[in-house]
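The two complexes that follow have chain A in common; it is paired with chain B in the first and with chain C in the second.
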Partner chain A sequence: MKLLTLNFVTCARKSCKTLPAAFPLHPRDAELEIVEMELNPKFLVNILPRVEWQALRTVCQELGLPTLPDIMPVQQDLLQPPSLPGRESESQEGEAEGEGGSEEEDALQKPSQTAQDLHRVLLETTIANGKLVCGACGHEYAVKEGIANFLLPSHMV
Partner chain B sequence: MLPTPSTDHVSFDRVYEPAEDSFLFLDTLSCDRETTFLRQRFAQCSNGDHASPCILEIGTGSGVLLAFITAHSKKLFGRPDVLTLGADINSFACKATEETVRTACRESTPYLNPGHGIYLDTLNANLGDALHSGVVDVLVFNPPYVPTEDLPNPSDHESYNQFDHGTTTFEQDSHLLALSYAGGMEGMEVTNKLLDRLPELLNPQRGVAYILLCVQNKPQNIKQRVQNWGTSWRADTVGSSGKKGGWEKLQIIRIWRSADP
Partner chain C sequence: MSRPEDHLPPDLYYNDTEAHKYTTSSRIQHIQTLMTHRALSLLALPSPSLILDIGCGSGLSGTLLSSLPASSGGPHQWIGLDISSSMLGVALERDVEGDLFLGDAGQGIPFRPGTFDGALSISAVQWLCNVESSEESAAGRLARFFAGLFACLRRGGRAVCQFYPRDRGQREMVAGAAVRAGFGAGLLIDDEGTKSEKTYLVLSVGGGDITGVVSGLEGEVEVEDQRRRAKERGKMSGREKAEMVKGSKAWIMRKKQQMERKGKVVKPTSKYTGRKRRIQF
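Presenting the complex of A and B:
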């Protein structure tokens, strides 16, 4: 299970849905595995607005991963400024607005170190086995062979 | 026609084999009317919101639909950067889906098909229970819709759902397959539970759901029920198949909210 997936899930119990403590779920005894994926900095730019940054920081900290910055990086932090001479003409401002920029120009933009780190955390780091624990009710969801089991015993539904 | 993902590796003894309903879904999602609708709704930078849409398929089975959506995201949504998630109550279906999606993405040629979406995970979950409220932009559900006397016994599920011992029994396979088609009263018992939570699951602005129904589900009543949620809610039939004496055997309804009064 990818760490980015944790951004979209919460405790399956109805009574926990509105409780802030039920999000994010807390990994426990997690066996991590890196599954490599091609990095597309433009994708990252569009994924970040979906991410609950503080929740992600908490999860990374609990997993003993390198600390993420206090505040969410912005688009400019993800793309390396075109530094080679002759590429000066690329309009950085146009890019910063998230518009303009032909496909060709995009292809020239190299991911920054920040982008590489985020890509690794969000999309390449997976929980192969372990548990996800609800901070509100304490229920533990098992992750086995990469698949998280959110099914509740019938008496808890 | 976009290619249908291969599901050759899946054991259909305990996972639903793609059938007429699955193919109706593929055709409907990729028809001009729906791709136009989806592209408009999820166009990059509209209202300054360039965030990647999150697609959830409930009841992925073999994964044929989720694989199709992920592999052809650029064609369907006009942008490749969509995030796709699956959920199925059957753990064997979750495993099958992983492989079907991976294969379809690997085989989607970058040359013809510039970029597939980002497949996240398939959760072993009941309906959308594991999802955080409001995170789903597009929900897709080909449910167990056949009217049946009973639903498979939930207290058998935990043991029948185990994938870690090598072989399965006949009872186990029957239980898992029944989950894929048995819809209980009017075939609506499972779908009704999803509908109850749908307004909360969907993103309040962008959210849209596609759900397959059969005649016995009384599609007209379901659409009426959605419209009763409030004046902004819409429900329309956007795909159908198997015309029989004036009745469409299967149809897909689209449920969404419109900003227009």
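Presenting the complex of A and C:
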């Protein structure tokens, strides 16, 4: 399960719908996996305003990933030519810079370093196995091989 | 024609063998591809978007979403929801790009409001009309599904659900449930009256762009409250109910409506329905 998806999913129980603690779900015993994927700057521009930045920061912190900047990047940041300096200071993942950067820059001049880092965090970082815990009711949703089990027993719907 | 819904609930019907058969059949693949293309053209997404696939199964339609060329607005990211773990297992083997969820759409859709640009469902909604336990009803499951779908789509978003209704009544029930959830709904039927008839329920959330619309509202604006009207039509006062004679035509029609709402199979109404028998000597 991608971190992007985790940024949108809430507890499935009806009683949790109105509680603010039901979002985000907190990963527990999570095994992370990097799945390479082609960067799609248009998709990032489209999805960015809908990402809950604070929730993403919390989840990254809980997973032990490098901390994200306080302020959410704006859409203009994503499509800067990489020759312009200044965005480097915002880079979030040490190892991501080296891998993602070199290949993409030759082929595609458009996406900036911020876009590549975001792509790495949101779309390439996935939870392979583990649990997702609701902050309100404490229900644990199992994640196996990337598939989250959101099937509730009938008494809990 | 036998319907798979009549045999078993979806999580049991699509076991390992059925799921494998479904995915490898070239005929089903062909039909699914056609329907997904049709649904995508109805969704009319201009740029790469986040899409929910309800009843994604083994990801046949999802593969198409991920591989859509940039000229037609793709490639899209998608999240799939399905109740059959065997189907999802096949999807995992096929190495699909979308994220998969094991879940029952009739229990609601667990995403926060305004998540998706569009939603798509190919041959899945008719399964929601089947009820396996006395605790739930077909109408309730449909209501929860459409309410969840309405919430998780963003304003101006669309959903296209292709489904195989059992009969006219079931088609009306599904469309009615969508309207009650707040969607603007329309039914599109391809090849009507033939064996390959396909029903698409096209749903929209809000009117899209709201800038400049407010100034255009001049003169009298008639607001139709369809839901209240439907309620008034459906409900009777206590006195009316008491006056209705058991066994009369009106009583039979009311009972039939009740059963239809519950998702039961009801015989179509004809000129003989509730007709008095001739008096015998």
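A few notes on this one:
Heads up, the rule we're going with is that the second predicted complex is superposed on the first by the 128 of 157 C-alpha atoms of A that agree within 3 Å, B and C clash if a C-alpha of one lies under 4 Å from a C-alpha of the other, contacts with A are read in each partner's own complex, and residues count from 1 in each chain.
Everything that follows uses one rule, which is that contacts are C-beta pairs under 8 Å (C-beta built on N, C-alpha and C of every residue); 3 or more make two chains touch, one makes a residue touch a chain.
All of these numbers come straight from a predicted model, not from anything done at the bench.
In the superposed model, A:Pro153 lies in contact with chain B only, and not with chain C.
Once the two complexes are laid over each other on the shared chain, residue contacts for A:Val9 go to chain B and to chain C alike.
Applying the stated contact rule after C-alpha superposition, one finds that A:Lys42 touches each of chain B and chain C. When the two structures are aligned on the shared chain, A:Arg28 is found in touch with neither chain B nor chain C. With the contact threshold set out at the top, residues 1-2, 4-5, 8-10, 12, 23, 40, 42-43, 46-47, 50, 123, 145-152, 154, 157 of chain A are in contact with chain B in one structure and with chain C in the other. On the side of chain A, the complex with chain B involves touching residues 1-2, 4-5, 8-10, 12, 17, 23, 40, 42-43, 45-47, 49-50, 98-99, 123, 144-154, 157.
Within the complex formed with chain A, the residues of chain C that make contact are 47-50, 75-77, 79, 81, 83, 88, 92, 97, 99-104, 107-108, 110-112, 114-115, 117, 133, 135-136, 154.
Within the complex formed with chain A, the residues of chain B that make contact are 44-45, 48-52, 54, 80-81, 83, 85, 89, 91, 94-95, 98, 115, 118, 120-126, 129-133, 135, 154-155, 157-158, 161, 163-164. Within the complex, the chain A residues that touch chain C are 1-2, 4-5, 8-12, 14, 23, 37, 40, 42-43, 46-47, 50, 52, 123, 145-152, 154, 157.
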